[in-house]
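Please go over the structures that come below.
After this come two complexes, each holding chain A, first together with chain B and then together with chain C.
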Partner chain A sequence: MSETLLDLSGIRTGYGRIEALHGLDVTIDKGETVALVGANGAGKSTLLRVISGLQPLSGGSVTFDGDNLARCKAADRVHRGIVQVPEGRQVFAGLSVEDNLTLGAFSRRRDKTVPDDLDAMYQRFPILKEKRRLHAGNLSGGQQQMLAMARALMAKPKLLLLDEPSMGLAPLIIDEIFGIITELKQEGITIFVVEQNASEALAIADRGYVLETGDIVATGSGEMLLNDDSVKAAYLGG
Partner chain B sequence: MATVKTHRKAPGLIALFVILAVAPLLAANAFHYDLMIKICLTAIVAVGLNLLVGYAGQVSLGHAAFYAGGAYASALLTQNYEFAPLPAMLTAAVAVGSLAWLVGRPILHLKGHYLSMATLGLGVIAAIVINNEDQITGGPDGLPVAPLSLFGHELSVFGSYEWFGMTITGTQLWYLLAAGALFLAVWLALNLIDSPLGRALRALHGSEIAAQVAGVDTAKYKLRVFVISAVYASVAGSLYAHYSGFITPDIASFGHSIELITIVVLGGMASTYGVILGAAILLLIPQFLTGFQELEMVLFGAILMAVMIFMPRGLVPTIARRFQKEAA
Partner chain C sequence: MFSEFFQFSFSGITLGAIYALVALGFTLIYNASHVINFAQGEFLMIGGMGTVVLMDAGAPIYLAIPGAIVMAGIAGVLLHKLAIAPAKNADVVTLIIITIGASIFLRGLAQIFWGKDYHALPAFSDTESLSVGGAVLLTQSLWILGIATLLVVALGLFFTRTALGKALLATSMNKDAASMVGIKTGAILTLAFGIAALLGAVAGVIVAPITFTAYDIGIMLGLKGFIAAAIGGLGSSTGAILGGLLLGLAEAYTAGYISSDYKDAVPFVLILVILFFLPNGLLGSRAVERV
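Presenting the complex of A and B:
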């Protein structure tokens, strides 16, 4: 039995008077890759915002590495190792690629090993080294997604949250991005990936959750969900 | 943190130094010096305000209150409590910085432009207090201020000083002081922009969510830069008080706050050198327009509108962009 890294229980939150998540439970073990799939507007991004501390809770609790995060601010959560790659990449367009990466290590800015990590990141993503002086806004969508992931890795995450990494990318690029995610998984990083592209996400995940209008409606191993008839019908196009 | 130098500071600073050093050659009389001193002092406020507006993306509509706070605190501390000007200036800066911290702390946790509303209110209150507390502030009649003295040497506008065998007037010496202060203000601002604080500010201006998930405590850094910009205004206000020798509630007016914001937008947000040019232009244009008498304000407004329509990024960033395009 492996150790629980993240435990969400009874999560309730909403926007104004509309409740978006109706008390759902999710657990992620250390070293696991977990996928959360669901349609547009199901509350997938909201759940990631809750974990990152960007969205206030109206009920339930977030426990990370044994600590309750109720009074932990977003910036402190990054320090603890919860790092998100936000939806739509959100690279700092006006900053150089290198500044984007340096900012990723903002939570460890007094750490002397940051320059080494920067070199390591350039080895992993040679394209970023090539373009390191360019403004991040000038990169292509796929390169921006790589930059956003590299920026998150600079924070040395214990739990990496990926919000729709395939959004708006060409199929070939999507394969490349999922290839990188698989590599990260093999390196032992715990990953929680949220996707509309359910088949790709479930294929690389150990376990999966299916979210429907604020409630978890199915859970199981990635393989099992991929072969589940109702999931197939709803999210995998038959 | 690995400091990756993205901006080379030396060329700009050297250019600024040369311009500040050469400017006196254009000055034919004391009036020209007076104008240049006022441009330098206003530019200091603008450089500070630009850190807030151009980098943190927050708008203050009450910076005149911080400027007036520095001016009045310096005046009152030197006059009534026998502070020397320099300690008075520092005390004023600490007091104004604390006020900004108190106002900014609850506000900057909110997203959006609530800081504008709060500083608007603060500015109006400051002007009312200065106008009405006439036993302390002299009210609308204003307040005389002692001349600046540094380490026992008095620096009066009306004096005349021997320096390495040269005779220079008090006004000329004041220009050197104001220009030196501006140079220092710019140097500090550029270093700040290149520091982790500056990188955090530029990040949160780009995408607040991404900055937060990169571990930037956005509220904390916005507050920090707000306090810094208030201290810039306070120090410039203290210098102005000693220079002019007489201050009135006008410097705390809403109009003055708007003028400061106009300078930042006109010169170019997030461009330190741009806002200095903005300050120079905003103070110089009225001098050229005096011949038009009652049309002066109309023309002034028209020029500002034209700049904003044709150069929405402000003067310096627009021009810099054009040069870059031609080079490419």
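Presenting the complex of A and C:
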């Protein structure tokens, strides 16, 4: 019954002569929430950049919704529904919150429903409505993370890529962010979330992968990985 | 006494408006790509010389001017597509050297096909000067100020009111994040070069009736525009405009009160003084307020 949305096969890439990913296989089904956990420098961001078309492949293939994306440029992938919330938020600091959100919908800027979607986004994130005229750079870290997520949602993603959404945030804010991710999951958006901070990500995920220096070393249901002794030892603080 | 001061100020602001347009072109490309485009001056040359050549070929001035401006716009787009974009992994210094090469190439083409003569364009109005309170004002100066103001306002509206303008700002601020919202950043950079070329070409056309135009005017005007941008704090549009006006005024006062022999030394003295006291220029370093 389950239908594959994203199929990564034999992914190889690197920086200069140094290979960062050594031939990974990952699949994500429609409607699934999948977590990728691994230590700093394991290659998590590199993998997400591969999926978004920002990091060129030296081997392997990315198949989305049945199509090979080899010739699909980064901007076109957003148009197709692959949307990333990058590590460290990367909001457009010198633009207003509202400009950040409307730019989120850049790939469908001729769509007449964008203003309605903006209203809906303000209902979901009231704090962004309150701050809509401020420069995004003036928001707190947690607010910037919400803005980055809202900006991505404005593109109407079919596959939402989240790169360390909890990075550098206070525990209460982290709970709030994962609450939002759970809501998005319930709404049926397919989610691929990458975390160094593994426990929260695995707790909300249907399935997980563990990445170690460019290789997948374990995979299974989120629950199974949470209870796996070696995963516990390496990523969950024992 | 006062009429003299008024006269010098007026010609300084006129020159300054031209430098400001050139400086805005530098700023636009610098923000979008961190490249200092030393071919910026050649767009002024193409604007001025292109108009001359089209008029010689029989085109009326109201067609020759837009024709030359379009020519410069195409040159700007080609500069990015053929020279800058293919070198995508090159460092910024290499890209800057490429723009220097491109400027020599464009100047060479102009010298071969359009000749080495100096030309004057006719002033845009039949009445060439007005006398105001004892000072003589060129009507062309009024054209320059009017058109420059219009362009600055149009550019401001482009950046604050249009999706494309905001996409350009977003690309300047964070290229990867811009790609991640679906902006074709390569095309946006080409657009930035095109707009910078248009700004330069307009400046080159409107100044030509006052200063003459020739295949090599781009060197000095480009350099002065760059200095204006650097004085303003490379990367700030407001700074570029202030830097341009300041440079124009300093030149006009030097030429008027001291000697016009020193006029061309003014930019170099001014930039040394300003960067000594304000290493980031007048409005530099406020990263959030770029463009």
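Here are a few things to note about the model shown:
One rule holds for everything that comes next: the second predicted complex is superposed on the first by the 238 of 238 C-alpha atoms of A that agree within 3 Å, B and C clash if a C-alpha of one lies under 4 Å from a C-alpha of the other, contacts with A are read in each partner's own complex, and residues count from 1 in each chain.
As a convention for this text, contacts are C-beta pairs under 8 Å (C-beta built on N, C-alpha and C of every residue); 3 or more make two chains touch, one makes a residue touch a chain.
Just so we're clear, the structure is a prediction, and the values are computed from it rather than from any experiment.
When both complexes are overlaid on chain A, chain B and chain C end up clashing with each other.
Of the two partner chains placed by the overlay, only chain C lies in contact with A:H135; chain B stays clear of it. By the touch criterion defined above, A:G41 lies against neither chain B nor chain C after alignment on the C-alpha atoms of chain A.
In the superposition on chain A, A:G168 makes contact with neither chain B nor chain C. Greater residue coverage of chain A by touch, when chain B is weighed against chain C, goes to B. When the two complexes are overlaid on their common chain A, residue A:E98 makes contact with chain B while staying clear of chain C.
When the two complexes are overlaid on their common chain A, residue A:P115 makes contact with chain B while staying clear of chain C. Of the two partner chains placed by superposition, A:G10 touches none, neither chain B nor chain C. In the superposed model, A:Q84 lies in contact with both chain B and chain C.
Once both structures are placed on chain A, chain A residues 52-54, 73-76, 78-79, 83-84, 86, 90-95, 99, 102-104, 106-107, 109, 151-152, 155 are touched by chain B and, in the other complex, by chain C. Looking at the complex, you find that chain C touches chain A at residues 163, 166-167, 169-170, 173-174, 176-185, 287-291.
Taken together, the chain A residues at the contact with chain C in this complex read 52-54, 73-76, 78-79, 83-84, 86, 90-95, 99, 102-104, 106-107, 109, 135, 137, 151-152, 155. Contact residues on chain B toward chain A in their complex (touch as defined above): 1-2, 4, 6, 196, 199-200, 202-203, 205-207, 209-218, 220. Put simply, chain A touches chain B in their complex at residues 52-54, 73-76, 78-79, 83-86, 90-96, 98-99, 102-107, 109-111, 114-115, 118, 148, 151-152, 155.
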